[in-house]
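Just so it is clear, A, B, C and D label the chains in written order, and each chain counts residues from 1 on its own.
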Amino acid sequence: MYTNLSMGALGLKADYPTAVDLAVKHGFDAVEGNLGWFEGLIDQARIKDAADEIRGRGLRLGPAGCPVNFNADPVTFGQQLAALPTKIGVLTAAGIDSVGTWVRPMSNDLPYRRNWIQHAERISLAAQVLGESGIRLGLEYIGPKTFWSTEMYPFVHTLAEARSLIADTGCDNVGVVLDSYHWYTAHEGVSDLLALKPSDIVAMDLNDAPEGREIDEQQDLDRRLPGATGVIDTPGMVAALKEIGYDGPVKVEPFMKSLAERDVDEVLAEVSAGLRKALA
Amino acid sequence: MYTNLSMGALGLKADYPTAVDLAVKHGFDAVEGNLGWFEGLIDQARIKDAADEIRGRGLRLGPAGCPVNFNADPVTFGQQLAALPTKIGVLTAAGIDSVGTWVRPMSNDLPYRRNWIQHAERISLAAQVLGESGIRLGLEYIGPKTFWSTEMYPFVHTLAEARSLIADTGCDNVGVVLDSYHWYTAHEGVSDLLALKPSDIVAMDLNDAPEGREIDEQQDLDRRLPGATGVIDTPGMVAALKEIGYDGPVKVEPFMKSLAERDVDEVLAEVSAGLRKALA
Amino acid sequence: MYTNLSMGALGLKADYPTAVDLAVKHGFDAVEGNLGWFEGLIDQARIKDAADEIRGRGLRLGPAGCPVNFNADPVTFGQQLAALPTKIGVLTAAGIDSVGTWVRPMSNDLPYRRNWIQHAERISLAAQVLGESGIRLGLEYIGPKTFWSTEMYPFVHTLAEARSLIADTGCDNVGVVLDSYHWYTAHEGVSDLLALKPSDIVAMDLNDAPEGREIDEQQDLDRRLPGATGVIDTPGMVAALKEIGYDGPVKVEPFMKSLAERDVDEVLAEVSAGLRKALA
Amino acid sequence: MYTNLSMGALGLKADYPTAVDLAVKHGFDAVEGNLGWFEGLIDQARIKDAADEIRGRGLRLGPAGCPVNFNADPVTFGQQLAALPTKIGVLTAAGIDSVGTWVRPMSNDLPYRRNWIQHAERISLAAQVLGESGIRLGLEYIGPKTFWSTEMYPFVHTLAEARSLIADTGCDNVGVVLDSYHWYTAHEGVSDLLALKPSDIVAMDLNDAPEGREIDEQQDLDRRLPGATGVIDTPGMVAALKEIGYDGPVKVEPFMKSLAERDVDEVLAEVSAGLRKALA
């Protein structure tokens, strides 16, 4: 496993070159692949050079955001699908080999089975195109009941459902993005992780949860840094992922507004050390 | 029900204005909506004028071909979806209110359920966009076993399956294109038709089958004009559709190469009279 | 539509002969079919005689409870399925032509799609056997969010889902049991009802809801007599069912414990008059 | 992997004690678990003693036939399900830890998706009960096109479909019965096998096919002994199964009527030697 810095996931603002500098400074193994920034370089050679320079500084490039939205209106979805080869050109030039997104765990309009069909095929359409260029697609399921129960039709919110959805895409380059926070709020345990193959996992997030709440009362946007409270068995999760041989990126995504109010270097030093300790 | 002339479905070549002239000359109630021809007029006002002129000659405009291919590669599909609003602009200007296509009844690569998900969502994507402009989408299922059994994974080839697929799109502007030839080769009967509501049907084709073959030996591309042999119970089908109140277009699509070798007017006179007699 | 007395649905206790007497006394059109009571008569001729006697007093026999539990453990389910022909013998002798049950709208163990497959096939198994004797099966969906959101995996809780589930059984003798309380708590309206055919509906319940609660705060087991508060648009529902031609049973199921503390005749007089007024 | 003798699969008649003697005589590692024979011993202690005696002669007990028929009429299916605990009592007493059956690859009545739901839930019902006693259920998919294309609705006839069906049962004690003949006629290759985990496979059959026929012309009931013609790449299959670590039973099921006309010992000597050579 290797540590991956995503400034956005920490709620911190920084342009990409600064993020790269900070990742180097604080000893992260990787920095998130920033599709938009690379796209702005326009020329394939310049994209490749910029990525090579980052790698030259000892960093890997983590997953980029998936440039297709599976809940978009049909025409927008068609446009994003049609534009995907161009985006893939950028990813390929930069040497970014995975993208990720999350599955919205509810809908006010679409009953579960209709939403299933929508997601299974839309994901398949994007994944087929990505797969032709060897790029993997990671899907994060969202666990908190305080989120998935807020609309008329709850949808995929557990690892079991996410794996089944991925199977229905028929694509072998799709996997899950595991987040300890969702693993915990979905009432899952170590045995659920041990059933996975490394290739089932595209990326991993490590977060902890605040104390003093029932699992079903935890809020999606109020988490803690890994190990901060021990509410979530992140050591158990890491041990399980080691056991099955996962060797991909790990990042932190705590949704703590307080981080943005602190000194950036102090925050990153804490996150980097915390991640490293968690993975040791 | 009203008679609809499609030159292409008869294997006859003619530019669209000629087809319109022939439809008038031979007393058809409608001429197929020709999306490509109207699109060539470019300007919305000219499209509307041209369509009005056709209507001024006593003709309705039948369904156009669906401008989205549900078996296209993902990027092409995305492009067609993204282009759909433009096509709909043409259809709307011309006053064409339905499009149709067929469901490929087999695949060498996609197991049935994967193909089902592909079709259900892709059809839904197109139908949602069409539906916003009040345009209906008709799907023709293909019945001959000599066709659906030729690849690794047979797919939808009966009315029951087509109706179920349409239900899974979640769109109320999708219906079937009934063809007596497929109804016959799918071993279906009058009771299957009586279970339909008029809104379940977008268009209808009337064809007969050659004599001397078992049903499962009939060939998709070797049919006869309606009533020619009596092999197919077209009177029973027409009676059933009258009973349920179907009032949409009816055309002939015999896939008889011999028609192209005969005098066009002779062929159209025969087809028009045959259709009219069948619907009387 | 005809009024149907179910003492149990009113939370009132009475042996079946007493229920029959009370139904006659208070002018109900029907009394619920009591499978257990008829079964106790053992002999087919005696069952038929008893049912004829009830009919001789001007009452119809409403739906009985479905003797198969779709959530039972597999062996119990198998036993119930194996015993179904015997139960059907009783229903047939008594002239009861429908049974009903409800769909549990959640599960702690079964993800939605697994539960869907379980229900679709188990319902199909029972319905096939019932259908051979001309008996219909009604399924009630359960609308209150305070109920379906209480376990890990919410399941069918809307009319749209119930209809889709029924379609997947492949059985034409399965329909919904509509309950105004579920129709209301599922945020449904008159247009959802107008899309139904009479054959889609096996039975109907009319209830009202207490005032002063948001829809999503309504409790499954705290309802009101039809028309008591006007919170639910029961007049709109009845009008819609008249419009589509529904002519089946209608009962009241208010889950009001207070009814059991009042004089039975007073309660039944109120219920009967209320139902009759609602259906007028 | 270990060799397993099934007289029935060879088209040979013998009572079970004779089959046991023959298995010992010809050096098989196992003899099929004969549920009916053990059941006839009635008493659990006698069943255990008889099984222990067989094991005392150096034989393992291979899979028994599955005592539940997934295509039975609903009441018969219910009866078989209700009787399953009794059958399991016999299997457990005898120490037989797996049962197997095949999936009928077509239907005249059930469209694919309806048949899918029927199989997924019926298999799940049986597997849940079997699983409580630690018994695994193996499902054999049937590959020959000359078989699956003979009815209105082809069904599961490939490994990909079988695996997907098993996933939809939600049971982890269900796996495939691999047969080289079906693997070959389904146009599958070594890579399909390498994607399996050992726990995905319950049993294996090794057969060859006659020469001089196209794959799609091969007949389900006309096969050859493993290695006889080399038409099927049985060495490749065995190598793949060794690579993934499969260590379960392997039997021969050639459907060659000629075997019954030859000397039993001669046939079994040939089969045993052939199997041993194939697995070496």
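Basically, a residue touches a chain if its C-beta (ideal position, glycine included) is under 8 Å from a C-beta of that chain, and two chains touch if they have at least 3 such contacts.
These figures come from a predicted structure and were not determined experimentally.
For the pair chain C and chain D, chains touching both partners: A, B.
Here the chain-to-chain distance from chain B to chain D, counted in touching steps, is 1. Per-chain CA centroids place chain A at a distance of 46 Å from chain C.
Centroid to centroid, with C-alpha atoms defining each point, chain A and chain B lie 45 Å apart. Shared contact sites, meaning residues of chain B that touch two or more other chains, fall at 111, 113, 164. If you draw each protein chain as a dot and join the dots that touch, every dot ends up joined to every other dot.
Every residue of chain D that touches chain C in the complex is listed here, in rising order: 73-75, 77-85, 110-111, 113-114, 117-118, 120-122, 124-126, 128-129, 168, 170.
Within the complex, the chain C residues that touch chain A are 111-113, 116, 145, 149, 152-154, 158, 160-161, 164, 187.
Contacts from chain A toward chain D in the complex involve residues 164, 167.
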